[in-house]
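Accompanying notes for the structure given below.
Chain nomenclature is as follows: A, B, C and D, assigned in order of appearance, with residue numbering initiated at 1 for each chain independently.
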Amino acid sequence: MSGFNKVVANYDEALDGLTNDMTLIVGGFGLCGIPEGLIAKIKDLGVHGLTCVSNNAGVDGFGLGLLLEDKQIRKMIASYVGENALFEQQLLSGELEVELTPQGTLAEKMRAGGAGIPAFFTPAGYGTPIAEGKEAREFNGKMHILEESITGEFALVKAWKADTMGNLVYRKTAMNFNPMAATAGKITIAEVEEIVEAGELDPNHIHTPGIYVNRVIKGTFEKRIEQLTLKK
Amino acid sequence: MALTREQLAQRVAQELRDGFYVNLGIGIPTLVANYVPKGMDVMLQSENGLLGMGEFPTEETVDPDLINAGKQTVTTVTGASYFSSADSFAMIRGGNVDLTVLGAFEVDQSGNIASWMIPGKLIKGMGGAMDLVASAQNIVVTMTHANKKGESKLLKECTLPLTGAGCIKKIVSDLAYIEIHDGKFHLVERAPGVSVEEIISKTAGELVVPDNVPEMRF
Amino acid sequence: MSGFNKVVANYDEALDGLTNDMTLIVGGFGLCGIPEGLIAKIKDLGVHGLTCVSNNAGVDGFGLGLLLEDKQIRKMIASYVGENALFEQQLLSGELEVELTPQGTLAEKMRAGGAGIPAFFTPAGYGTPIAEGKEAREFNGKMHILEESITGEFALVKAWKADTMGNLVYRKTAMNFNPMAATAGKITIAEVEEIVEAGELDPNHIHTPGIYVNRVIKGTFEKRIEQLTLKK
Amino acid sequence: MALTREQLAQRVAQELRDGFYVNLGIGIPTLVANYVPKGMDVMLQSENGLLGMGEFPTEETVDPDLINAGKQTVTTVTGASYFSSADSFAMIRGGNVDLTVLGAFEVDQSGNIASWMIPGKLIKGMGGAMDLVASAQNIVVTMTHANKKGESKLLKECTLPLTGAGCIKKIVSDLAYIEIHDGKFHLVERAPGVSVEEIISKTAGELVVPDNVPEMRF
């Protein structure tokens, strides 16, 4: 299956073609299920002017927080940010632009972007600052606003397992935004914990079919925990 | 006496019913899980992509791939399922969550809620709150009746940027259980030992007070 | 878990509350993955004036075709119909109304209905009779039409396995429209091949979470094949 | 000589590339799967919810839960996956299918296609055709150049209700391979032994004919 072998040998190959000013759709919720190695490599590559679409922006020194250190991110589209000091600094100094988007709307914008749906109506945000400048319309007696979908030049996702053909399986809540991100990138790169042979994943339980995935790389993951909370 | 955080959670827990799917926000709402009445089963939904959230893990069972919407490590209960954030909010917007509990800075008598942004302060974002309040049929807001300066948080009209418009019908504050309809607050119950006068004095919006205002029972 | 036990004892209980003139969302593609027993029971119940939303309308004597025999269906919303003679007769005589909908739009209308998205733009059908009376708008240089979502009083789905809490797993292409149908019904009934205890299905691979499912019934299935095609 | 059904499929198969995800319509398009060039791998998408469709089953392997969009029993290849019809059309509308092959009643020089409805005849529906033609970047229409009465099916303007507007760029007919751009048909190849004159006479729309029109090679 030469034409369908998506496995790449290293991070350079994985991120080949990434240049300044591109839009990246990045999976993960907080620090859970983020493509750690791909993000670290983008720091090394030094590309800048990036627009990052991701629910959160990492923390100081980890996740997307890494890309703030050298001011590689020009704009964040996210639902919840500011878990780190650098983010706040750059936001206040105007070096970083933020477009806050309700979490469900953000998830749906990625899903719609991947699904060829350019816009949809949602009730979320009607009557709030989020609705400013957006078309509002009543359906079934309730007000909704029109939201446009999001796509990017690259999507960076983290999966548990991939087969060589790019079929992906996520694990527990590390799934989060990854399945939609995988569909919304022109080039989708999956960083995974394990690569198996094609045919080893149950066809009935593949979360992201390989058609969406262009490159697969085996990563090593720290899996840092943001809020370790134990039973008392 | 104003309710404690635990009592607030206990009073909110009285809104639970057997078989309810419930989304609990961060803070006091999270505590509601500790007061599910005996003989009753509820399933907790966490909007990052989990239905059937359990208690916090031990050091042995902690799993970085298993967190809740507050980014805390959690466990699951029998019958749990994982899904994407898009599927999670489809579930929420589709009206499948039976009860949603969240905090607020302000609520007004039109059912507007402000809970995510204080102009001039650093804005961290709304997370899933706007989707939750715009979608849920049955929302309970739990908060202190007044802020630390003694200013009412139950207003004629919210002063802060809204999280959602006309979506709040029930408030459990530390002083009272209040319902909102017909563009007014309606006093239904008072916290044990709290006078109707105190509630009136700390409610800036229009408050309808019936002749008899029973105390909350725990 | 008394409050979450969705298993019902018989078809009467499964279809309790179904009355004339209701809208039913029905899973299945052709005769594959259809809730055979629920449909047969609706024939027995004799309710009529039904609007059925389903990709197809069965064949003579099987699937939704059964409900045509006593003229129980007033309107079909489908993408492909007319595989049976009764259907044609009733359509030509005006006893049956049909609203033809592109297959992807139909799937998305159900998904949107279940997801609280009242309307969305799609390119499918622009410039065709399907677009008549619908708003058209350009996004990204391409024309799209606005389609509204669909929900129903009842959804009838067929799954492979259910646990007692209503979590569902589908099998192979018998999945088809069932997952969306399951979300689009006010009351969703799953007819399944096997009921297992809660906890037996892998939480990572549940196709339809139990929150969408109100009633589960164990069915027996003929699984009739519409186009048996064997290797020559 | 006009191409046979098998030759049509063979010519269309020349549009395949290694690693292509392909959706084949019912009829002649289905036959394309038999002519994938040696050393090339393609994955077939079936819009009911299957990526990685294989050949027809034997009596031993037939499974009523495994059918294609034409409702025929099929098998799967290594690396296949199943998904819902909504996810399937998300895949299609999202532009992820590299090549889509389908039949038509009529195509016109603006790239419009009519393939689902003949007024006055019983209308069975469009199935997934409208989604496919509106979404795919790379569509090949394969059909006879003229109908049984000898009337051209390559028109100035479609007479039948459309399946899609301005979406067709390539036609493999039994007489020729034709591209559509700038509002005109462009003759690129002719079927072996078919004269340019015959193609011109059977093309009702505006046809641009270059000096040299090579024969198709098989």
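Keep in mind that, in the parts below, contacts are C-beta pairs under 8 Å (C-beta built on N, C-alpha and C of every residue); 3 or more make two chains touch, one makes a residue touch a chain.
Given the structure is predicted, the values throughout are model-derived calculations rather than measurements.
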Any chain that touches chain D and chain A: C
Shared chain contacts [chain B and chain C, defined touch]: A
Between chain A and chain C, centroid-to-centroid distance (C-alpha), Å: 32
Centroid distance [mean C-alpha coordinates] between chain D and chain C, Å: 29
Between chain D and chain B, distance of the C-alpha-averaged centres to the nearest whole Å: 55
Multi-chain contact residues (two or more partners), chain D: 82-83, 89-90, 92-93, 135
Numbers and ranges of chain C residues touching at least 2 other chains: 108, 111, 115-117, 122-123, 170-172, 203-204
Listing of all chain pairs that touch each other, if any do: A-B, A-C, A-D, B-C, C-D
Of all residues in chain C, those that touch chain D in their complex: 29-33, 55, 78-83, 88, 91-92, 100, 102-105, 107-108, 110-111, 122-130, 143, 160, 170-180, 207, 223-232
Complex contacts: residues of chain B adjacent to chain C: 17-21, 40-43, 45, 51-52, 76, 78-83, 89-97, 135
Chain B partner contacts - residues on chain C that touch it in the complex: 1-4, 111, 113-117, 163-165, 167, 183, 198-199, 203-204, 206, 209-212
In the complex, chain D residues that touch chain C: 46-50, 55-59, 62-68, 70-74, 82-86, 88-90, 92-93, 112, 117, 122-131, 134-135, 161-166
Residues on chain A engaged by chain C in the complex (per definition of touch): 108, 112, 115-123, 137, 139-140, 142, 144, 148, 169-172, 202-205
